[in-house]
Amino acid sequence: MQFSAHQIATLVNGSLEGNPDVMVEQLAKIEEASTGSLSFLSNPKYEQYLYTTRASVIIINEDLKLDKPIASTLIRVKNAYTAFSLLLELYNKMRLDKTGIEEPVFIHPSAKIGKNVYIGAFAYIDKDVVIGDHAKIYPHVYIGDNVKIGDNTTLFAGVSVYFDCVIGSRVIIHSGTVVGSDGFGFAPQEDGTYNKISQIGNVVIEDDVEIGANTVIDRATMGSTIIRKGVKLDNLIQIAHNVEIGKNTVIAAQSGISGSTKVGEKAVIGGQVGIVGHINIASGSQIQAQSGVNRTIAEEGKKWSGSPAAPYNAQMRSQVVYSRLPELERRLEELEQLLLTKELSK
Amino acid sequence: MQFSAHQIATLVNGSLEGNPDVMVEQLAKIEEASTGSLSFLSNPKYEQYLYTTRASVIIINEDLKLDKPIASTLIRVKNAYTAFSLLLELYNKMRLDKTGIEEPVFIHPSAKIGKNVYIGAFAYIDKDVVIGDHAKIYPHVYIGDNVKIGDNTTLFAGVSVYFDCVIGSRVIIHSGTVVGSDGFGFAPQEDGTYNKISQIGNVVIEDDVEIGANTVIDRATMGSTIIRKGVKLDNLIQIAHNVEIGKNTVIAAQSGISGSTKVGEKAVIGGQVGIVGHINIASGSQIQAQSGVNRTIAEEGKKWSGSPAAPYNAQMRSQVVYSRLPELERRLEELEQLLLTKELSK
Amino acid sequence: MQFSAHQIATLVNGSLEGNPDVMVEQLAKIEEASTGSLSFLSNPKYEQYLYTTRASVIIINEDLKLDKPIASTLIRVKNAYTAFSLLLELYNKMRLDKTGIEEPVFIHPSAKIGKNVYIGAFAYIDKDVVIGDHAKIYPHVYIGDNVKIGDNTTLFAGVSVYFDCVIGSRVIIHSGTVVGSDGFGFAPQEDGTYNKISQIGNVVIEDDVEIGANTVIDRATMGSTIIRKGVKLDNLIQIAHNVEIGKNTVIAAQSGISGSTKVGEKAVIGGQVGIVGHINIASGSQIQAQSGVNRTIAEEGKKWSGSPAAPYNAQMRSQVVYSRLPELERRLEELEQLLLTKELSK
């Protein structure tokens, strides 16, 4: 895909300085750009690169003053970052613009498939499934009985969705993620064995959710495990049965939320965090990476850290003293010696 | 699927109070139930919901005394929890009752397939594989050369089993789990590179094991990585090469067991636990979530916590003092000041 | 597969003692070997097993002196470990020696497939993909548009590689691993929602890399996430967007590296380690399991431990005092009491 500087300027509604016919074929950061690249400058910190970059075309803010002439063709716009983001999005849409149903696929005759969908080869769509318009179902996706999938939703290659789960519109789920596997529920028996507790609930994923790769969301024992509108989950996350994640909450990679815990709205949870089951995490909570939360967080909007998690500032203070523990012990010993000497000298 | 209260009462061998013809079509918790739901009451804590629930039918213990009339149809049984569990199980069996071999599948002519199996479209079954009776092999399952799978075992969509592995009867493995990938074995060379050590062993999974989604169990370097009878593994767990997990041990999500470690029977290991390689974990050990176990646990039935893991009670005591470390340091400083003043005043 | 002791001796260029016609059909550790096994003795610690093993054939060092006669046939070589490793490798090559293109597969007409490849049934190879000679693409592998894969590279069953990624030669990627999923990039909006930042970069995996099962490597926002030559990654690892892992670095299972972090060469990173984004980890760093690294490590070749990570020796000293914290507090209280008494007695 090649575009001229002139075409780009038209797309982003910018004014052009330099050669309008120079061609670009990739997008790159200004400090890494090579010939044929389109780049942008938004952060003044990177202004130095304007004069050294090999980018063929650079989008800049309309009010930017230049110190000396620049080899690259410039496109001036109101907000360079916004204009460039738009181009990134357009580029991505073009790269991922697939439609049609490839062969072979398995689509149960009772499934209802929307308009203008993409269904990749080797996708499997079972009984009574409903798939919305403009949905993209990549190769090797498995969709069990009676699953509902909204409009404009994308399931990348190898996603598995078990029966009865419900996925909203504009949802993106990356490869290898599993939705609706059985919750981890077993009743201990007197002989030391465990009886499986059947997990007959489902998973509900609301609109505008994005889920990374190889994440797992277990179905509820009964009722639903729920991922509310606008939630963003990273890769390799564990969401146990009957968990509910509130609107616009963000969770980083490799974190795990245990069974029946409710996380509020707009929480921000770092990577490798563990949260025990059957508790509540207040809306707006910020939980640092590798924390272990073992009881309900009732107050909204607070920052937590450590395992067990404590208020961030308290944790930081304990952490600092922890690093001085050997010194502390030595000082304590000196005091003891001092007092002992005094006692003896009496 | 719809059932009348009368049909349900017959199934669970209960006595009916109220309208025998009312229909139910789903199972739900009493506090979440809507019209058309079948629910149960076992825990007295939830008794209040009896009078407010919208459940059409409720299974209760036969000796339960009611304070006032109830709108729902009641079914009295000896043990409401047991009766309801049975219904959950029946419901699940019906939902997952698949048989037959779909098209297209890849089944090597030398593979031996048992009676009454389900093999989903796009399943791959290689040379000399043996699959037992009533096994369920979902779509996108990969089964390498010479794998043996017992009777009544279910591999959900997208499970991969490498060559030579052995899986018992009544085993359940959830989507995306990998069995038999190479152990992480490399011999460091003088030039800083690593030579791969071929991993020619296998994985043996005994009867009645359940494994969650996106878990990984590596094959042994030589010999077998072994998951003993009745073990339950959650999602996203790492089991390294030559590990052995004893009978009826349970491990929660995102934990990892390093190479050649042996875990005893009936151990209970929390989520996000890490256990180093080449050690033993005694039977009945209880290891708290996020613990890091770095040496052999020889005594059976003890509780461990922390990283590095220590006996639970000791760990709890240190944890409490940790949260007071800044105060401890301040008190130490005060003592030092006090003594310094005394010295100076002498 | 059966081989005579004579055939094995010829393969490893060894001299034979005992029955040259005895047949072996498997490789096993000397302490676990059964009749029909080929084993080896390298570590003197295991010498006792020479006299009790059931191995039919044992490879030993040429200078080993025996105390008494041995039932097994012996093959003497210069270095028993090296000779046996060679046999392991040969065995593995035979077991994994697949070629040809099975049916059904999806191969876009524009894809270029090298010579002597294996492509398993249900593999999906999209537009403009290039696959090198002797590559092995197992069943259910997904390869997106414009991906390049080098010679002698193996992708095991169920690997997904998104568009534009580049994978070198002699690379091994195990089942369920995802390469090139979107980085976790979202711009927070004033209303509490997040806008997705399109991730248009790619992943570059250089030659001789091995990656375990169910690992995830996200594509760069722009530019490349890079895994340098000779890197070894274990299972269930998270590599975020724009990360770079230096040559011959080794990372154990369930570790996570956050966005834009650069790890140097020959680093050794344990399991369940977390490293924050936008920092550098110096070459040769050794990071203990479960560590949390929250700032740049500038000095090469040092050992780190704990969360937050600190120099190993300092961490060990603090850890020891941590386990004595309750005692420390008690001693402090005693001092306080003692001084208080003195004050009062004055």
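In this document, chain identifiers A, B and C correspond to the written order of the chains, with residue numbering beginning at 1 in each.
Going forward, a contact is a pair of C-beta atoms (placed from the backbone, for glycine too) under 8 Å apart; a residue touches a chain by one contact, two chains touch by 3 or more.
These numbers were taken from a predicted model, which means no experiment stands behind them.
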item: Size of the rotation, in steps of 5 degrees, that lays the CA trace of subunit A over subunit B; value: 120
item: Copies subunit B and subunit C touch via same or different residues, half shared test; value: different
item: Distance from the mean Cα position of subunit C to that of subunit B, given in whole angstrom; value: 25
item: Per-residue overlap in subunit C, given as positions that touch at least 2 other chains; value: 104, 122, 140, 158, 176, 214, 236, 254, 272, 322, 324-325, 328, 332, 335, 339
item: Contacting residues of subunit C [partner subunit A, same complex]; value: 104, 106, 122, 124, 140, 142, 144-145, 158, 160, 162-164, 176, 178, 181-182, 184, 186-187, 192-194, 196-200, 214-216, 218, 222-223, 236, 238, 240, 254, 256, 258, 272, 274, 276, 292, 307-308, 310, 314, 317-318, 320-322, 324-325, 328, 331-332, 335, 338-339
item: Interfacial residue positions of subunit B with respect to subunit A in the complex; value: 27-29, 32, 85, 88-89, 91-92, 95-96, 102, 104, 120-122, 138-140, 156-158, 172, 174-176, 208, 210, 212-214, 230, 232, 234-236, 247-248, 250, 252-254, 265-266, 271-272, 289-290, 319, 322-323, 325-326, 328-329, 332, 335-336, 339
